[in-house]
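Supplied in structure tokens, the structure appears directly below.
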Amino acid sequence: MFLNSWSIALTLVSILSCFLVIMAGKTAVRVLRWWNPDSDSNTQIQLEGEIWLSSTLVMYGACFQIISLVLLIGAADYYAGFIAGAMCGTGSLLANSYGMPLLYVKLAASFYAGLWIVVHRLDISSEAYPLVRFKYVMLLLLVPLILADLGLQTVYIGGLTPDIITSCCAIIFDEVKTSGSFSGLFQSPLSCFYLASSSLLLLGLVCRKKGQPWLVYLYGLAMVGWLVFALDAIITTFSSFIYAMPYHHCPFCIVKAEYNFIGYFIYITLFGSVFFGFCGGFVQLFTRNRYLERGVAAAQQVYLTWSAVMLFLFLALVSYHMVIYRLFGGEG
Amino acid sequence: MNTGLEKQRNLLDYGLMSLWRRKTKNLSVLLVFALVIFLMSSFQFLTGALTDVAQQALRLAPEITVQRMVAGRQEQIPVSYGDTLQEIFGIRRVEPRVWGYHFSTTTGGNITLLGVSSFDPRLETALLQGRLPNGSTAGEVVLGQGVVRDLDLQGRRKFSFFRPELTQKTFTVTGEFKPESELLTADLMVMSIADTRDFFHISDTYATDLLVTVANPAEIETIARKIAELLPDTRVVTRPQIQKTYNVVFGWRSGFGSVCLLTGLAAFIILAWDKASGMTPEEKREIGILKLLGWQTSDVLAVRFYESFAVSFLALLLGCTLGYVHIAFFDGALFRPVMFGWSVITPHLHLVPVVRFGDVLLVICFTVLPYLAVTVIPAWRAASVPPDSAMR
Amino acid sequence: MMISIHNVYKTYNQGLTNEVAALHDINLDVQRNEVICLKGPSGSGKSTLLSIIGCVFPPTSGAAQVAGKKLSRLPDRFLTLHRREYIGFIFQQFNLLPQLTVLDNVMLPLMVLGYSLEVRCEKAVVLLERLGVDHRRHFLVSQISGGELQRVAIARALINDPPIILADEPTAHLDQKLSERFLGFMEEFKQEGKTIVMTSHDPLVVEHPCVDRVVEMMDGRTRSSCS
């Protein structure tokens, strides 16, 4: 199903991402081979200049990956109109075995590119550029991830078959795949979710103030675990209140126009808070480097602040419909 | 934080001033870019508008249509099959339908003659004027606008068609369908089933297909499967499938059009690369001076990004506006042949484009993102001008 | 010590066939509030030394320290950050942007420091008034006279109130009257506590009373003498 606007756009954006990251990868190879900070040769001067090129390319690549993620959600929703039994984007992604892995790889690539930018900004905060080799090894690892994204996407789209009228003797009918086939992984009441979230919020604020290393590591790791918990809570509980339908649990339909695109805001704040929280813990790894002590402290302040703010916003957004329902009963 | 934002505002300011200073070069890029966006957005808006029209029109289509297939081709179906279908729980009504084509020598196209045993009251809403045939008076017909144009009755209410054996059948026009329904009714003549049997010499025991109405629309697919199992020599077509087929066709045609336009996009990207790469000695000197005054490579990169962004944004606004006007006021005249298929009697449709987030996102992905991607490396080359170049 | 240059070498195109050794074992210390003139023929390395002092590029080897910052092998990003805070440049050909107005030219260094338009304007107007060119603020640089250009260039160099002013052949294209006026400004800045390094082979500059020391350069080497 390549010959439609969504598939062409997805393919084009992925190719652009690949192009940008591969170009950045070329710099990575040159830096790893020739970088010598004590040298005043033209090569070294050129490499110092190319650092800006590679960082700009990766930033563009990261933005394109995020756009590609939004495109995938839109495309999945579009494909649901053609695929037998698919009622929404979830059904489209489950239409073959490549859809969900594609989603995960796109998410992973976006996160990884963002993490690279964090390491880069930390590196250039110090005059010694102490993380040059580390970050360009990281960059080389981004290349296969982006290529895997393009490959999976191509196979996924190629594997989709639209359900149209044919001249055979019976209708083609696939097994009905409902949109709400998720079940809660955590059999726990909602209060546990709010308790965990509030604890994390508090922990984040404490880390920001006092900054004990082990606390910051704990926060970073806890945010990753909390991501799974939060997604489960959205699917099992909060989505139903957004749809005002107790048996509708689809995690994708909340991004649609009929729900005021609230899904985008929920996922942006969710992934944003997890990303920044993880980064706050991740940069702690570099605090022992004498060139980066100040840079790490400054970066952590920023990341932990953003993480806390977005976590708060996420909780507010995700709880809104439920609170309205509890207060006023029914669609507010 | 304030100084950071203020600095970006200053850089944006400088970028816009810089664009204005080189307005001839930037205006040419802007106009060509807007043209490319106009073409892409026209396709998107046209597809969206046609899909909307199809969705509206298909509300009147039957829920399930059963056709008999012999040797892979459609044959007349025994009316008695309808009795068999009544066994299926959930089917409210089964009625036969007779239809066929009459070749119009005037236009060289086919007119579809459609006869039903009873008329869906919702069909009244599709009428521009008049009434549906009452079934008791022979020869009453309702015409689609394409047929009205083709017959050119000039106020006459009666006309005749010749059968293949050169006998005549006279019809009386009782009503016309609305132009908004032309996607389905342009080439259509609706009459009672008796009149179509009479015209095509089809006996009472046979029909062209059977229309099935179900009690619960959510059960269409389930009942369709049961019909297929009960009558294995039939083809069962559901209304959702027709909708999907239209969507696929429009999507395919739109995609095909987009692929063709990609060559135009590629040409524009080469132009953009060329314009972005070419730096005059004055521009090089300007950047060298800025670097000497304390501007970093990242600051110059930011200025270049803002310039590209501003050009893209303006081109997007202009291109999408023109695309919208093209569809809304000119009914997509440029691309109608691509989207409207091979029929000779083509529907005259008044299209109402709707600007959706998804359509705008697609246009951005086709145009703005490639433009931004292709200007990165030239922007970096410009930003890498060494500061001491201004001292020489 | 405001500027400290010890055993500094600078080689362009190092390792390539067109390698050029521009500076050999340069040693130079400049006290705060001192005015130095680098004198020498074309190709003696004056501009290269000025560029190192001005944090335009680092030395190939040796120790260079400007306003407390060690410059050796400092990446361009940090050189630029240091330059924008501590150095004001006045160029031989002024290097103003002809398509911008006088006011816009003077405000350029402040744009990347995050000052709002109002603050930038205010600072620029104060300087232009002091230098007597405020009445030309909305004129394009291409529309003003040579003397006015000189004063606009000085205003731009001073806009971020740098402690160090570097002037590269500042009187090369000026007549005697304008050259004297320029040196008058330098004297004023010296009294305000600024450190000034100029390159020139104009006797008017070399022998001016405000110059504390003349450093002679030849073939990339120095020989200092008091004025």
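Here the chain labels run A, B and C in written order, and each chain numbers its own residues starting at 1.
We adopt the following convention: contacts are C-beta pairs under 8 Å (C-beta built on N, C-alpha and C of every residue); 3 or more make two chains touch, one makes a residue touch a chain.
It should be emphasised that the depicted structure is a prediction, and the values quoted were computed from it without experimental measurement.
With centres computed from CA atoms alone, A is the chain lying nearest the middle of all the protein shown.
Of all chains, the one whose mean C-alpha position sits at the greatest distance from that of subunit B is C. Highest inter-chain contact count (C-beta pairs) belongs to A-B. Between the CA-based centres of subunit A and subunit B the separation comes to 33 Å, rounded to the whole angstrom.
Averaging C-alpha coordinates per chain places the centre of subunit A 49 Å away from that of subunit C.
Annotation: 65 Å between the Cα-based centres of subunit B and subunit C.
Multi-chain contact residues of subunit C (touching two or more other chains) are listed as 76-77.
Counting only residues that touch two or more partner chains, subunit B has 297-298.
Residue positions 49 of subunit A are each in touch with at least two other chains. Taken together, the subunit C residues at the contact with subunit B in this complex read 47, 51, 54, 56-57, 76-77, 80-81, 83-85, 89, 91, 95, 97, 99-100, 104, 108-109, 111-117, 156, 160, 168. Residues of subunit B touching subunit A in their complex: 43-44, 47, 69, 72, 221, 224-225, 228, 232-238, 241-245, 247-248, 251-252, 254-256, 258-259, 262, 297-298, 301, 356-358, 361-362, 365-366, 369-370, 372-373, 376-377, 379-380, 383-384. For subunit A in complex with subunit B, the touching residues are 2-9, 12-13, 16, 19-20, 23, 49, 52-53, 56-57, 60, 64, 67, 70-71, 74, 78, 81-82, 162-165, 167-171, 173, 176, 257, 261.
Interface residues of subunit A, counted against subunit C in their complex, comprise 37-42, 48-49, 124, 127, 129. Residues 11, 13-16, 58-61, 73-78 of subunit C touch subunit A in their complex.
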